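Written below as structure tokens is the structure these notes are about.
Order of writing sets the labels: A, B, C and D. Residues in every chain begin at 1.
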Amino acid sequence: MREMVEVGPGKIAARGWRLEDVALVPTRRTRDIDDVSTDWQMDAYHFEIPAVGHPSDATMSPATVIEMGRLGGLGVLNAEGLWCRYVDPSSILKELSEAAEDVAVERLQEAYREPVKPELIAERVNEIRAAGVTAAVRVSPQHTQELAPVAVEAGIDLLVIQGTIVSAEHVSSEDGVLNLKTYISDLDVPVVVGGATNYKTAMHLMRTGAAGVIIGVGSDEWSTTDAVLGIDVPMASAVVEAAAARRDYLDETGGRYVHLIADGEITDSGSIAKALACGADAVMLGSVLAEAAEAPAVGAWWHSAASHPKLPRGRFRSLTGADVEVPDMEALLYGPATSSEGNHNLFGALRRAMAKTGYTTVKEFQRADMVSYK
Amino acid sequence: MREMVEVGPGKIAARGWRLEDVALVPTRRTRDIDDVSTDWQMDAYHFEIPAVGHPSDATMSPATVIEMGRLGGLGVLNAEGLWCRYVDPSSILKELSEAAEDVAVERLQEAYREPVKPELIAERVNEIRAAGVTAAVRVSPQHTQELAPVAVEAGIDLLVIQGTIVSAEHVSSEDGVLNLKTYISDLDVPVVVGGATNYKTAMHLMRTGAAGVIIGVGSDEWSTTDAVLGIDVPMASAVVEAAAARRDYLDETGGRYVHLIADGEITDSGSIAKALACGADAVMLGSVLAEAAEAPAVGAWWHSAASHPKLPRGRFRSLTGADVEVPDMEALLYGPATSSEGNHNLFGALRRAMAKTGYTTVKEFQRADMVSYK
Amino acid sequence: MREMVEVGPGKIAARGWRLEDVALVPTRRTRDIDDVSTDWQMDAYHFEIPAVGHPSDATMSPATVIEMGRLGGLGVLNAEGLWCRYVDPSSILKELSEAAEDVAVERLQEAYREPVKPELIAERVNEIRAAGVTAAVRVSPQHTQELAPVAVEAGIDLLVIQGTIVSAEHVSSEDGVLNLKTYISDLDVPVVVGGATNYKTAMHLMRTGAAGVIIGVGSDEWSTTDAVLGIDVPMASAVVEAAAARRDYLDETGGRYVHLIADGEITDSGSIAKALACGADAVMLGSVLAEAAEAPAVGAWWHSAASHPKLPRGRFRSLTGADVEVPDMEALLYGPATSSEGNHNLFGALRRAMAKTGYTTVKEFQRADMVSYK
Amino acid sequence: MREMVEVGPGKIAARGWRLEDVALVPTRRTRDIDDVSTDWQMDAYHFEIPAVGHPSDATMSPATVIEMGRLGGLGVLNAEGLWCRYVDPSSILKELSEAAEDVAVERLQEAYREPVKPELIAERVNEIRAAGVTAAVRVSPQHTQELAPVAVEAGIDLLVIQGTIVSAEHVSSEDGVLNLKTYISDLDVPVVVGGATNYKTAMHLMRTGAAGVIIGVGSDEWSTTDAVLGIDVPMASAVVEAAAARRDYLDETGGRYVHLIADGEITDSGSIAKALACGADAVMLGSVLAEAAEAPAVGAWWHSAASHPKLPRGRFRSLTGADVEVPDMEALLYGPATSSEGNHNLFGALRRAMAKTGYTTVKEFQRADMVSYK
């Protein structure tokens, strides 16, 4: 499949490209920007933009999940996050947002020591449903069996099962371990599951019957999965491999299309365009959403893995500053931009990238030509 | 054509080299610097140096267009720039030159909100023509049909149609969209059009009948096309591909030679030499001209795309400081240099590079040997 | 064997990968972290973690050697270090720990000018043996014949013969030079010897009868072997080559398994996982141990080669600060981590990396899949 | 010959490696450091170390040329430098050494405006000869016909003809241009000539009858040949190519051995070892000598091209500070080192590198094994 390098005799490694290693190349024709559509439909749910909120408490509160849905994207609340541990986590979020970077991980560990309250999950889901947007919550594989029923019962539309790495074949000496294949097929709501890292793991997760598969481990400059575990996922290659698995799975199933959601290296509108051009159907927005005026942690950012009690795997980015004027989520997604760094008007930029390369739908755009720098 | 890499199964990307990835290698012989000529002739117009001013208001005013012509190059005025929006933009340019970098993009957006005045285009063209130099103005593809006739009527010698990306095949659901092929062939003045990114787009633009094709999207450290759109053009490879298209087009037409103007990664005299050695006939000078004593924005620099109302795609470089002694445009182009960084005496350096590699004309110099670092 | 590049006609170089150039790829299945074992056995000695202390005085004192043994690893005391030159080096270590970085190398040279006292070697070994942990000391190849008998006599369990580069075939015009092959086979205790740099040198050292071979020259950002000698060892490739030599040596001897200990580029838990996945049986911990609360030089770090009287080859990293709260060695090896940079809970992280890639023993984990970034 | 990359259709570039891209790999055996010899003999002249002083006024004065000779190397005085323009340049050197970096190039241009005085060349040569060391001066190709006879008349042992790029075939429309081939063969003293950049230019220069050929254009971080001219010479590949030319020239002449002197990327003892291992017979020491206590510009450094009146091509490195204690030239060349950065004891380090890779002479060391990082 992918280019292989020989690290030494007998050890072959797949060569991986990151999104920053590639770029789009306009080539055939251009289009009117008004002829371009960024629509995305997964299962029964329709979205105006191929955007999913990464379930970190730094950006996804019930309020921002609702706002994201209202604006045409898919917000995801972390069922194991602060909103499902505390009746009102506002003061904790404020304290965290002001934490010094060198003690922030300890503060996060402290804040997440409070147990998850199932009744709060139900309450948050109700709040989101009441707003009329698609309701999705995230659970970790470890707590899926305990917490997912609560969320399903409360009426979620989509369940997101997301860990750093999720495999379809978890081998355990313990009894009663989650079997994703039977669990997902038995469930009443569509499931998005991940992260997968390459062709094989993506294919296995597709075979669980999931509606969507997350590709990647959320890598950005605040994720430390590589330093801690030695695991890293170059996104361009990972998405291309997963897209190859999707093609083969389509053939194997006679037409079942599984959606790919890229989670990692999404740092600006340019990387959104590249991830889709590699074959993703949508992208997960993490740190790029932390800048929104509505962000619950006022500009601070951390991955959910950053609060792990024994092995935290993420840095804390301190707040942008309460006095800085920041765009609201609508400007962030649809502009107008007052910054030229690719962090505002994310999907206006996507439309322009599609128009300049001559494509009018995201599905067609997955075929866009690319150039590589190494 | 170019070396290909497999990002993953089914996704092939062309491998691209930047100018900084290659260098000239002296190899056969050396020449006397006095035997070297940097002459350039496009259509009926003759220039002493293969240099075109990038149509940014930061460097190209009527006065600097005239000075550049007087010094043997080709200045280009932006018909959609401040000089064609305001009767006297001097105070605005001064204010912009003093803007703080973090609010500069908003200031630019504000300044360019004023509509373009066709009568000012005519007035500026007249001023340039009166000075006896080649008169060229730039219009964007979107406003070509509206503004180009005004410029032609006013007596320009050359029309530059330049957008970030221009394709010969623009597909639109609207009526009355610009068809470059018929438009250019019907026009009375020679046209330079771009930017093109590779063999195919360069070839298509040559077939419109253009006298010159711009290669690249003006990328330098103040351009953010990559971050915003995910589009990037490694210049060494882009120019080499366009030169291959020029050869094939020469054959196809039985001898029609289209000039290639490299716009991007031109940061010093070394990169001018490399771009020409890759096959360009001339280079566009952007930020390197902002240092001239005559520069209308006193050392500040921005790309024209930096002022886009909804999706700005360029950073603002603040002024070098009013108190710093800067060279005039003549010293910048012809020396003597008092800096050893490749930013002064740009074309004296080109002559020396040609002499050291053994070539006496720009056309022959396009065959110079190169070394690559990766 | 390895990929070759042609630097020029007639000069072929093996292409080398560093640990930072590769990463682990989860692929087949995942495991319960409780099913994972990090056990390591070399000769008669059993360890709970595959960890060897790099014999620098900055981290390995009799007390920390004992603590490391107590915690399940293998500490190594430098028989040519300060503890075997001074009856009580505490005040010297304290002074060194407070040295300014620009004069630190001279201070080290001064401190190590004091001769080694054989009676102190015996005393230190006795102290370590009395604590009931595996007793290992390091001697340099130059002083092996003089000092090793003292250590053996004192009752060490393992002898470590370590220089920057050790070859099995040392050619000398002098008489009486150390012949590793006869020396090691005649010795009563098992020997670990190195550093080796590739297949050939690893194979030669295996044939001396050593129980373990050290791969690498301890390269990290404080080692300057490359700048001083032009010698460098990319660890991923070096370990993979040595693992290939181990396979061939197993075949050649009908089953004699030699342990590989990676010494270099071990900067965090992620690099430990990668080194093992390349084929190492254990890793040498250098600068990562300097952060422990028990570290004899209070956070300062230097390689043993940094004190060379005529040709020092290592920088001095100044202390982390006496007022900074640092984890004890137990937290550093087993957590819980309060840092997310991969520098705490080193072997908890290894267990998790093994679980996520689906392996339950270190030996199996040597087969883990990898991705390469170049 | 060398690996080729296709920058695009029809433009092939040789792939080049720098010294920093490769490293030495110990592999066969090790040697006693006392069995290693760094002797070098060129023509009738014998040296204890393969070291030539780069003829910059920053390091090479009559006094340091003599000291370098006394210490076993070859100093070279620039016949077009300050010592041959001023009766006593001491005060000018002192002023230059204290120049601010941003105006230093202009100060250099000013200082070198004073004409060269032939009688001073003779005087300096006499001073050097009187000290009993090998007397060598450098002239530029442009002034060889005017100044070389003066130097020869004064009794130099070796003539160095060095420009940025020198070709054996200089084509000129002027009469009376230097023909290196006839000039060198007619001369009574052996000539060292350069810089050459690859196989072809090295071969051509060998055929002039030169005793030695300089490879490279002196590139280091203070040289700006790349930025100004677009010309760059990756040293590892350039030296390997020149060594291939030497082999072919040996065959062609039935045994005439031309010495290769590497001038560029020599920043520490590690790079000296790498350049020799690539095939050089000796190295030119530039900025590394500026640190010597005897350096005429007290730690400041500039290339001779940095003072060019119209096109300076080198930066000015300001002095290390009069109050800093610096080693004398002897410690710099032979140690002991009090720094571990590879800048002291340059040739003690070379001996150790040769011993660790198992070679006892520089000629044999040219076969040393290498590893490449890309």
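Following the convention adopted for this analysis, a contact is a pair of C-beta atoms (placed from the backbone, for glycine too) under 8 Å apart; a residue touches a chain by one contact, two chains touch by 3 or more.
Note that this is a predicted model, so its numbers are computed, not measured.
The two sequence copies chain C and chain D touch through a face in which the numbers common to both fall below half of the numbers used overall.
Relative to chain D, the most remote chain by averaged C-alpha coordinates is A.
Centroids built from CA atoms put chain C at 56 Å from chain B. Look at where the CA atoms of chain A average out and do the same for chain B: the two points lie 40 Å apart.
With touch defined as above, residues shared between interfaces to two or more other chains in chain B number as follows: 237, 374.
Every pair of chains meeting the contact definition is listed here: A-B, A-C, B-D, C-D. Against chain A, the residues of chain C that register as touching in their complex are 1-3, 17, 22-32, 34-35, 199, 236-241, 243-244, 247, 268-274, 277-279, 335-342, 345, 348-349, 352-353, 356-358, 369-374.
For chain B in complex with chain A, the touching residues are 5-11, 13-16, 18, 105-106, 109, 164-167, 169-174, 177, 197-198, 200-201, 224, 226-234, 237, 306, 309-315, 374.
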